[in-house]
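Right, I'll just put the structure down here and ask away after.
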Amino acid sequence: MFGLLARRLAAALPTLAGVIVVTFLMTRALPGDPAAYFAGPAATREAVEEIRRQLGLDQPLWVQFGDYLADLARGDLGLSITTGQPVLADIAQRLPASAELTLIGLLIAAGFGVPMGVAAALRPNSWVDHLCRVIATAGVSLPTFFTGLLLVYVFYYQLGWAPAPLGRLDAFSSPPPQVTGFYLIDSLLAGDIETFTGAAAQLALPALTLGIFALAPIARMTRGSMLSVLSSDFIRAARAAGLSGNTIVIRYALRNALLPVVTTLGMVLSFLLGANVLVEKVFAWPGIGSYAIEALIASDYAPVQGFVMAMAILYVALNLVIDLAYQAIDPRVRIEA
Amino acid sequence: MSASAAAGGTVGHIRHVLSENPVTGLSFGLFGLLVLTAILGPSLVPYDPLASSDAALAAPSAKHWFGTDNLGRDVFARVVVATRLDLGMAFAAVALVFVTGTLAGVAAGFLGGWTDRIVGRVTDTIMAFPLFVLAMGLVAALGNTIANVIYATAIINFPIYARVARTEANIRREAGYIEAARLAGASTLAVMLFEVLPNVLPIMMVQVSLTMGYAILNTAGLSFIGLGIRPPTAEWGIMVAEGAGYIVSGEWWIALFPGLALMLAVFTFNLMGDGLRDIVDPRRRT
Amino acid sequence: MISRRHILKAGTAAALGTVASAPAIHGAAAQSRRETLLLISENPPNSTDIHGVGTNRPAYEASWNLYDRLMTFGVKKDANGVDHYDYTKLEPELAESWNQTPTSVTFKLRRDATFHDGSPVTAEDVKWSFDRALAVGGFPTFQMRAGSLEKPEQFVVVDRNTIRIDFIRTDKLTMPDLAVPVPAIYNSGLAKRNSTAADPWAMEWLRANPAAGGAYRLERWVPGQEMVFARFDGWRSGKRPDLARVIWRIVPQAGNRRALLERGDADISFDLPAKDFQELAAARRLKIVGTPVENAMQYIGMNVNRPPFNDVRVRQAIAFAIPYQRIMDQVAYGTAVPLFGGPAQPADATWPQAHPYVTDLDRAKALLVEAGYANGFETTFSFDLGLASMNEPISVLVSESLARLGIRTTINKIPGANWRNELLKKEMPLITNTFGGWLNFPDYFFFWAYHGQNAVFNTMGYQNAEMDALIEKSRFTQNEAEYTDAIKGFVAKAFTDVPRIPLFQPKLMVAMRDNIDGYRYWFHRQLDYRVLTKG
Amino acid sequence: MSQPPLLSVEDLSVEFRTRSGTVRALEAISFAIARGETVGVVGESGSGKSVTAYTVMRLLDDAARITSGRIMFGGLDMLGADAGTLAELRGRELSMIFQNPRASLNPIRRVGQQIADVLLRHANVGAKEAGERAVALLAEVGIPEPSRRAKAYPFELSGGMCQRIGIAIALACRPALLIADEPTTGLDVTTQATIMDLVSELGRARGMATMLITHDLGLATERCDRVVVMHAGHVVEDAPTAALFAAPRHPYTARLFAATPRPGLALSEISTIPGGLPDLRRDDLPPCRFSTRCDRRRDACDAPPLPRVTHQGRLVACHNPL
């Protein structure tokens, strides 16, 4: 178990190194000039140059990179100009919001996508199959920003069913005492049902937006995987043994078919974390995606670097979790490991 | 089997796939429509897509099918004319990554060794980024131009191509005809380019159709946040972004129609990709 | 001196402290909505300390409501009956009275004034605060200097409740400059306790921890998301505010902000597109107030040092080619005062005022031919992406109109962070931009925007000896007639040479629910919670 | 035979629709199996043996179409039965063991549980009893340490073990007919014999009829009462083992015999069957699908229909039998 962890982390190191270098170069190439920003609105060109010198921005790139690495080694990700906060604190505070949103979105996608994939696989090339395919493809074809806007317009503005798109809680509630940072969990831990329903209501539309987008990969993967499992020998054997339809589809076929789907989930999740930057923007969701967008547009590069680092680490961690999940489901991997 | 029989077989196979999957036929039809719109669109539209007028924010009518935007420009004309740009950008990006990604992947899969390791590292590093944010960062860093949007879109799609091509080349590495070509004295490069590559191409063509949709979404997403396209150029993403502010005040048509066009285009390419995969590689249908 | 380390390396502890304190107020949600104002805006404040490095505009609002100053401005009704700060009247805030002589002013502080932590406000606190504004550099120091407040020796503690400010020159801006947001009064004892050897002015700590004594205290701040203010019941510097609590939420999408206001989920916002203000005003479902922003304008600037805009005929041609009315109708939507089609010569000594140009493509064409550009030319039209909602449609309409003269423009959107940098370089040939000054004097505007000192706001790089002479005269003359003539002179010059083409004077628009009263327009364009009431 | 057979297949034709055309997999085949009888179905790969088995089990996939015929099993019309009836029947009255035993087991379910699943479904027992009986069955099929092995996953067991599990599943509910589809393919020779012994032994003990599908004519003659020879979707010969062994009448059967290694036959004497199976997608298949490979072919062979002559309890489908 620890061996696997260590091997995995070692394998991820070159990737992380690549991410650090690329991010550093990319952010230095951003058009903004922190010196001009810090120098204030009425500064002369000389004043800006002076501040540039003080900030060390006149140093050769490799010296700046050295400084950056040294700071990174101390866990110092710098300060955000936009929020005025240390990037680490910002990310620590916003990550749970993104994670909660993305996970719920994924749950919605899996909740619909898996049954859709199964239904399609049970009757390939029937109208059910075609319908599932069209729905899933339509979902992934909708730009998330467009879906989000439409949902807000219809369900909040027109129908009034959804609460105002004001972030994780309505303005008059306070967040539950922080344990996990996931409001749904924290509010339940605190026994605060009102906050729980409030948080769930706020989550509904943005999570649905993400869910619609992630539906296709999950439904497709389930369908394909289900089709290949359904045509495999042991399903035929199970039928020959007269097992009931439910037992065959769920206990025999689906459990096997989910193995490759679990692997896909990792990809989908990392894909969603990227896709949710626009969703967060639309729903005023205080996650790290909207944080990164704002920072990038403002050429505020400490948050951009911090965000990318956080995502890269998350990506590695995610793959590790997927491996572990795979082990939990598949005895073959478990015993070999 | 004779050549004509083989050709007949392919046609028959395509016919079979289409009859089994009417949705694919529909996607081919839509694709034709999109391409025609991209080619002929600018000469067909009733209004200059860039000309403002006093008839601002007019609702859809017989005169303005999709209404007009905040500057009185005809939304229908803009949506139609934008087809060429949106498809063009996505196509350029996909063409770029098709060439580079396929070559890199084939080299990695066929040669193995350090080539494989380098390509693997590059793809891993790209994959570790949240792709949309990487694209944003690249465009912001390289400069806010259409060309850079295309490069950024190509870069974030690189891992998909490199990985698929790598797998396919790797499978074929030990194939009989490769051995035969090698024994016949062909150089490694020649074997790779003339034996492996042509065999990998059909599968990569399927990827083209599948990633076209993603490329369109990506370029539109970038222009949604103000990167890439310069006003007053008509482009679907930026039109949705501009129209977004008008939805709440009831002028839904400004965002809705470009949004629908965007969706339709992506939808077409995704469905077509599925269909092409059926034709090229029936076993892999998912 | 600012070190990069210093700025970019944050007091992690301070920020985490803010976050961790959130649960402590859990349960305050029950507070009645009637006493709570929900304010929404597009951009978040990044500090509570107006002296902080890189403090953004929304943070001025936080500072204004958290901190007190010695004096504040009076109030008057504007033409529409809306409360408007009165530049001519200074009123007591922390100072209960003052005595001004030609060489100094002496303030008596309120004896009963305390900071939020209960410690009394003393002259030492005032001295420390003003010293700090001068010491930290950047914007606060610049703003203090605008009122000839330049040296720490000018601030003299007379006794515990008395402070004297010595003048280094006669400056009509000194007294008003003491009532702007920058000279806020800090709790020096608290701040010093949280300073370090490396950070003697507690810059890091004060960013998230106000050491203030104003009408509101900071209840919670989740950076980038919300700031919550609670009324400070020990406030003595004015009438007890009506609102017990103010929740300020960040809502990035304009459409969502409108929806929130219309559905009654939010109470007030400045940040709506012009068109929404126009429609909401027409629908009468919300109270919409628009006040022309003093000394401010949206304009087209041309780089006078480069061809083709070094030729005044080309600049005049452009001024005749702008589709002014269409911009008013389709961009400003009535939220602005037009600045075109005025009389041939300046009518009075006010600023901004309408210039004589109107849309006349024939005259524009004739001028271009005369200048040798019969076939037009190619150029780039740049604007700040951060203000795209106004700038982008303006640039589209202008470039479409220029295209009729054969002038082919490429529109260049510059990210907000880079805009100031590009302005500093003074290389952009053609821009649209907005500029305004806090201090409402024509000569103040011209000194920054047209003077040969070539400040960053002189985005056109315009330098003209005659212009400079008129501006200098207006700044220092004591003679009213001479002052008026000088202003009319430089305004006329600005319109003839036309390095910048004024388009309109924007209005500061605010939308609020019907039950919100007491809104007051301030030159700093931020909301004053203290005077708002909710019925 | 006064008693009706346990299974009768009459005039059965099956087609597959594929992307490349229609495959006429079975054409008008007939045969029967009596209670307690062991019948071998023999032929090359692709001759339609497995399709026959799956058709009887009604386990064909969606691409298959039964174009004619009737299958009666214990008085039930199998082709007319609904899905529920069939599912009740399978595993209880009619069960099957497969070639490639490991692939026929659910890879991520413990083998004891897989046996118990069948018992729970058909045997009207509770979970606990099903578990116990599963262990007992494992013991019965000769698996040592059955209670430990019950907790194993298929990949932890050898191929032979897996096939024993397959047999345990198939026999769990004492079916009347067992279809064994090449049950020993892929197993080593000694295991092959043990498995076959097990099938015969348990079958005999339970009075069970067995349909043994194999390409190995030797194995069939060794184990079966009667042998049905199939070629390219036709039943070409159907005879009691002894009679068939003594004198094959169809040229294909004879060829098969010649191609089967047996004791006392030198390797050089083993002949191969020339040509391959015809492409069953062709529209112009000759009435006798063996005619292209047959050295006894005459012009009459091209004239439809294919004769199906039954004489003294043995059937031969040939114009020019031996």
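Note that the chains take the letters A, B, C and D in the order they are written out, and that residue 1 is the start of every chain.
One rule holds for everything that comes next: contacts are C-beta pairs under 8 Å (C-beta built on N, C-alpha and C of every residue); 3 or more make two chains touch, one makes a residue touch a chain.
If you're wondering where the values come from, they're calculated on a predicted model, not measured in any experiment.
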| task | Mind having a look at which chain is the central one, using mean CA positions? | result | A
| task | Please identify which chain has its centre, taken as the mean of its CA atoms, farthest from the centre of chain A. | result | D
| remark: Maximum number of contact pairs occurs between chains A-C
| message | Suppose each chain is reduced to the average of its Cα coordinates; what separation in Å results between chain A and chain B? | response | 23
| query | Quick one: chain B and chain D, Cα centre-to-centre, how many Å? | reply | 51
| message | Report the inter-centroid distance (CA atoms only) between chain A and chain C in whole Å. | response | 38
| query | So what's the Cα centroid distance for chain C and chain D, whole Å? | reply | 90
| field | Residues of chain C engaged with two or more neighbouring chains | value | 253, 255-256, 259, 262, 385, 415
| On chain B, where are the residues touching two or more other chains? | 140, 226, 244, 247-248
| field | chain A - residues contacting chain B, complex | value | 14-16, 18-19, 22-23, 25-27, 29-31, 125, 130, 133-134, 137-138, 140-146, 149-150, 153, 157, 216, 220-221, 223-225, 227, 270-271, 273-275, 277-278, 281, 289, 292-293, 296-297, 299, 304, 307-308, 311-312, 315-316
| message | Going by the contact rule set out above, which residues of chain B touch chain A in the complex? | response | 20-23, 121-122, 124-125, 127-134, 136-138, 140-143, 213, 217, 220-221, 224-226, 237, 240-241, 244, 247-248, 252, 255, 259, 262-264, 266-267, 270-271, 274, 284-286
| chain A-touching residues of chain D, taken from the complex the two chains share | 54, 57, 59, 61-62, 83, 87-92, 95-96, 98, 100, 103-109, 117-118, 121-122, 153, 155-156, 166, 169-170
| field | Contacting residues of chain A [partner chain D, same complex] | value | 124, 231-234, 236-245, 247, 251-252, 255-256, 259, 329-332, 335
| query | Given the complex with chain B, which residues does chain C contribute to the contact? | reply | 253-256, 258-259, 262, 273, 275-276, 279, 326, 329-330, 385, 388-389, 392-393, 395-397, 399-400, 410-413, 415
